[in-house]
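Next, two complexes with chain A in common: one pairs it with chain B, the other with chain C.
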Partner chain A sequence: MVFLSYSYLFLFLPGAVLLCRASVTRAALRTPALLLTGIVYYSLAAGLPQLALLLAMTFVTFKGVGELMTSPVASRQRLGLMVVVADLAVLAAFKLGEAGILGPVGRVLPLGISFYTFNLVSYGLDVRRRQTAPAPSFLSLAAFSTFFPTVAAGPLLRYGHFREQESGARRLDAELLELGALSLIVGLAKKTLVADPLGAAIEPLFADYERLGLDAWLAVTGYAYQLYFDFSGYTDMAIGAAALLGFRLPPNFNAPYTAVHITDFWQRWHMTMSQWFRDYLFLPLSRALLRRRPSLDGADGVRAVCLVFTMVVIGLWHGATWSFLAWGLFHGLLLAGHARLRLARGFSIPVGVSRALTFVAVLVGWVLLRSPSPGMAARIWGAMAGLHGWGASSLHSRGPLLAAVIVLLVATNAPLERYLLHAGRSAFRSWALAVLLVLALLSMGARRPFLYFQF
Partner chain B sequence: MDAARVREELRAFISRTLIRDPAYPLRDDEPIITAGLIDSFALAELAVFIEREWQVYIPDPDLTVDRMNTLDQIVARVLEG
Partner chain C sequence: MLNEPPTPAARERPPAASFLRGLAARSLLLLVAAISLNLLVDPFGVHGGRLFEPIVLRTRAPKLRLYEQARPAPAIVILGSSRSFSMEPQYVAARTSRRAFNAAVAGAGVRDYLDFARCMAARNSFPSMLIVAMGVEQATLDARAHERDDAMTDCLDPQKAFWERAQAYRGLVTLEETWASLRLLGLELTGRPAPAYSFGPDGMTRGPGTSRLRVEQAVDDSLAAAWAPSLFDRDRLDPRSVGQFRQVLELCREHGAKAIVYLPPYHPRALARYLKESHFASGRARLLEQLGSWAKEYPLRSYDFTEVNRFGGRDDMFEDASHPTEEANRRMLDIMLAGETQGHGLP
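Take a look at the complex of A and B:
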């Protein structure tokens, strides 16, 4: 069972909302109710063995952090590190297993392991930094790690934020209910009406990539929007489900393809992940390296090293393959280059040009994510550079239609999303949402899995 | 700790080392992060500078736009200790 099933939308979700809402006034039942919904969802979506792994990792983290709090101050650093390393080791083993590096071991990546591991790691680190109080019970931490709206693909959560909302007053909030319903409809529509049809339209282009010419731009731009609508659609549905349960989740996207430079892009794309890496890797690493320097002047080399290292780790978090590593390295170099340009005095380009350049840079990077081999990526880049003419793909008869759809998406995606989610109430908007809902529900039969489930 | 001296030393450091323009007329309430004058790495540089100058450790979670966006906010955080 995933978000895109009738059983989830019409059976599980209403049941979970009713159960959690019924426990609003009974503090002792809130956490068990949340945990129960999380366990039922995850066991149906991923199976009991994967649920056992998730609960085991949660238990180890809970016990480890408990030990940390009762141990002498001198050994806390070491203990905290051990908890984090234990969680990350499990994640790394599965990532390496999935990539075939460990032979037949761990070929199947447990659902959401990249996300729930990072949630548990941030819990351990936040408690160690005394930024968050330890979970009062294993049930509370398990309710956090199995929280069904986010367990499969985020957004990444911080335990302190979750606990605040779990233990706080959760009255029936009309604004949250409206946010929940709107986000569910918009998310469902993004996935079924845009991401999936777009994915189906461009798939033949990638399958036949050796015949691509300049039409590779069409394929890669289509993929960029498929990825965005797929992942942000999932995120909207997660935000919607959480809101119906009384939780406000952090935003994960902010019109990323309108970014005016590559740093701006990373402040708009998968925001909870960027913030996670900033807080737990980039800043500590930067500070540690800066402390070793006698002077803080001219630390551009340190900045570049930290940016590239962080982005390579972000790439590998997606998967232990050459393409993710290269994608992370590519973005790390872009960020380091942008930092140098930003600091260069007297350098500026018009906003429209920098927005277009940023979009093109992001597209060049997406080729790596879409290509299972370096040869395929090189061939597509060559096609985009015009080395293979106009292209002779089998899609040519439908090419203009696809191009028109993609141009429309580029032009309308951000304002349309703002209108549907944040505009004031109006009859037109209500009708638009109702039509979207009906069309989305009718389109659910031919669904494809969410792209970010593979991470 | 002399608040006025802390303010001027921070102003000089931010202009010279982080913005790379010693003559930059940085105002007390001017947003330096949201205006794009400095990035996350510059916040790390700022934190290490504060550690060295006044032995005040600012935890990573405090290095945010909500708490370190203006000279006023940074001075207040340093004086907080």
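Take a look at the complex of A and C:
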């Protein structure tokens, strides 16, 4: 059972909402009810063996953090590290297994393992840093790790933020219900009406990539929008489902293709992941390096090294393959380069130009994510650079895709999404949303899996 | 403070609950409208509305319906793909003095032959002879055209569960069917073109032929698309197709029927390319070898007409790379049915 199924939308979700809303005023039932919905969802979506792994990792983290709190101060550092390493080791084993590095072991990546592992790691580190209180019970931590709106593909959560809403009197007013319903509709429409048709349109181009010429730009731009609408559609549906349960989730996207520089892009794209790596890897690493290696060209050198390292790890978090590693390295170098440029005085570019340059840089990076082999990436880059002429296809045959990409270019730069989600409650907006919902429901038959489920 | 009237802004903004109720009502209205439209227009002809002629060409259900209506039941049935559409039952009847029926369906795979044979067996009207076209592509691939086909499914599985029957109505809530309904309504308003072809009571195709001027172009077009040499990429027989064909032969043996299997011809220009650029030759050899081996086990004889000189054909006896004309089919039938003439009238 995934978000894009009638059984989820019309059976599971209403049932879960009713159960959680009925239990919200009874403190003793609140957490068990939430945990029950998480367990039912995950076992239906991923199966019982994967659920057992998720609960086992949660249990180990809960016990480890419990030990941490009762142990002498001197050994807390070591214990905290052990809990984090244990969680990350499981994740790494599956990532390497999926890439075929460990032979037949762990070939199937458990659903959402990258996301729930990071949620558990952030919990362990936050408790160790005393930024959040330890979970009062295993049930509470399990409700957090199995939280069904986010367990499969984020957004990444912090336990403290979750616990505040889980234990406190959740707001279950009509405004939150409205946010939930509208986010669900917008997310569903993004996935079924934009991402999936776009994916179907560009698939033949990438399948026949050796015939691509300058039309590779069209294919790669189409892929960029497919990725954005697919992942942000999923996120909107997660935010919507959580809001129906009375939770407000952090935003994960903020019009990323309008970014004016690459740092801005990473502040707008998969925001909860960027923040996670900033808080738990980049900043601690920078501080540690500054303390121990002052020879690294001062703070700027340290920042550059840490940026590149963090981005490489982000790449590998997506999968242990050369393409993810190269993609992370590419963005790390861009970020380090941009940090250097910002320091250069008297250097400025008009906003429109810098926005276009940023978009092009992001597109060049997406080629790595879409290419299973270095040869394919090089061939597509060559085509984009004009080394292979115009391409085998005529402009006429690419017309509909070109039109779709232009519309999306305009739509993602206009506040359309904000209008649908937050504008006044007019009859026109209501009709627009109703049309979107019905079109999305009618399109659900031809659905494809969410792209980010593979991570 | 509590008795203060609401501000104008607050008065203008309807409460969230009322907005959501309005949204739900509008969505429900639109959804019901879409479902009603699809039910009434029934663009694919699967819900039984029949207010309009379906928008798509369907061959399996109409052929089965025509076969069931044929009285008395035909003694000879032709199974094939669109390549056998122009094989005339009347010509077969004239040569054999037995009633014949053309059960060829568009984009047929061996699975379709088996389904049709099973339906004939289920209706207790299994013929005494099957003439089966077995292309090399059908033997090496387990592929066939997807066609929504409730009549065939009902025949094969009359005890279908309620849930499976309900699945047929799944199309009512799809964008594909809604779009097709709107297109069909548009065509009805603007005047729809005549169908490419239809089927007579004996299953024979009635429709306009291809003009001679267009044939050479049609060969090129089909070689560039569905009938490209890549169709014969596999040099081994597909095990599922082989298994399904064996079941057809089992049914023949069980019902005391004879099977005449032929490898239909290809346009000489297409065949030259297949032989040069694909595994066609090895696929054909394996198929002939398999047919030879079955001939020892089942009441079967086979003919290889892949090359036009095998039946005295010419390169102008084609409509494109793979579809022979009626004249070509007559010549093949002359060879296959030699010695099948019966001395009495039609049964």
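What we mean here is this: the second predicted complex is superposed on the first by the 427 of 455 C-alpha atoms of A that agree within 3 Å, B and C clash if a C-alpha of one lies under 4 Å from a C-alpha of the other, contacts with A are read in each partner's own complex, and residues count from 1 in each chain.
Rule of thumb we're sticking to: contacts are C-beta pairs under 8 Å (C-beta built on N, C-alpha and C of every residue); 3 or more make two chains touch, one makes a residue touch a chain.
What you are looking at is a predicted structure, and each value in this text was computed from that prediction instead of being measured.
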* Asked: Between chain B (first) and chain C (second), which does A:A385 come into contact with in this model arrangement: first, second, both, or neither?
  -> neither
* To do: Please work out whether A:V351 is in contact with chain B alone, chain C alone, both, or neither, and reply first, second, both or neither.
  => neither
* Which holds for A:L442: it touches chain B only (first), chain C only (second), both, or neither? -> second
* Considering only the touch criterion stated at the top, classify A:R278 as touching first (chain B), second (chain C), both, or neither. => first
* Of the partners chain B and chain C, which touch A:E178 in the superposed model: first, second, both, neither? -> second
* Asked: With the two structures laid over each other on chain A, which partner does A:A299 touch: chain B (first), chain C (second), both, or neither?
  -> first
* May I ask you to decide whether A:R425 touches chain B, chain C, both, or neither, giving the answer as first, second, both or neither? => second
* Touching A:L48, do we find chain B (first), chain C (second), both, or neither? -> neither
* **Touching residues (chain side chain C, partner chain A) in the complex** => 13-20, 22-23, 26-27, 29-31, 34, 170, 173-176, 178
* Mind listing the chain B positions that touch chain A in their complex? => 13, 16-17, 20-21, 36, 39-41, 43-45, 47-49, 51, 59-61, 63
* Enumerate the contact residues on chain A facing chain B in the complex. => 126, 129, 131, 263, 278-279, 282-284, 286-287, 290-291, 296-297, 299, 302-303, 306-307, 339, 342-343, 345
* Structure fact -> Within the complex, chain C is touched by chain A residues 173-175, 177-178, 181, 424-425, 427, 430-431, 433-435, 437-439, 441-443, 445-446
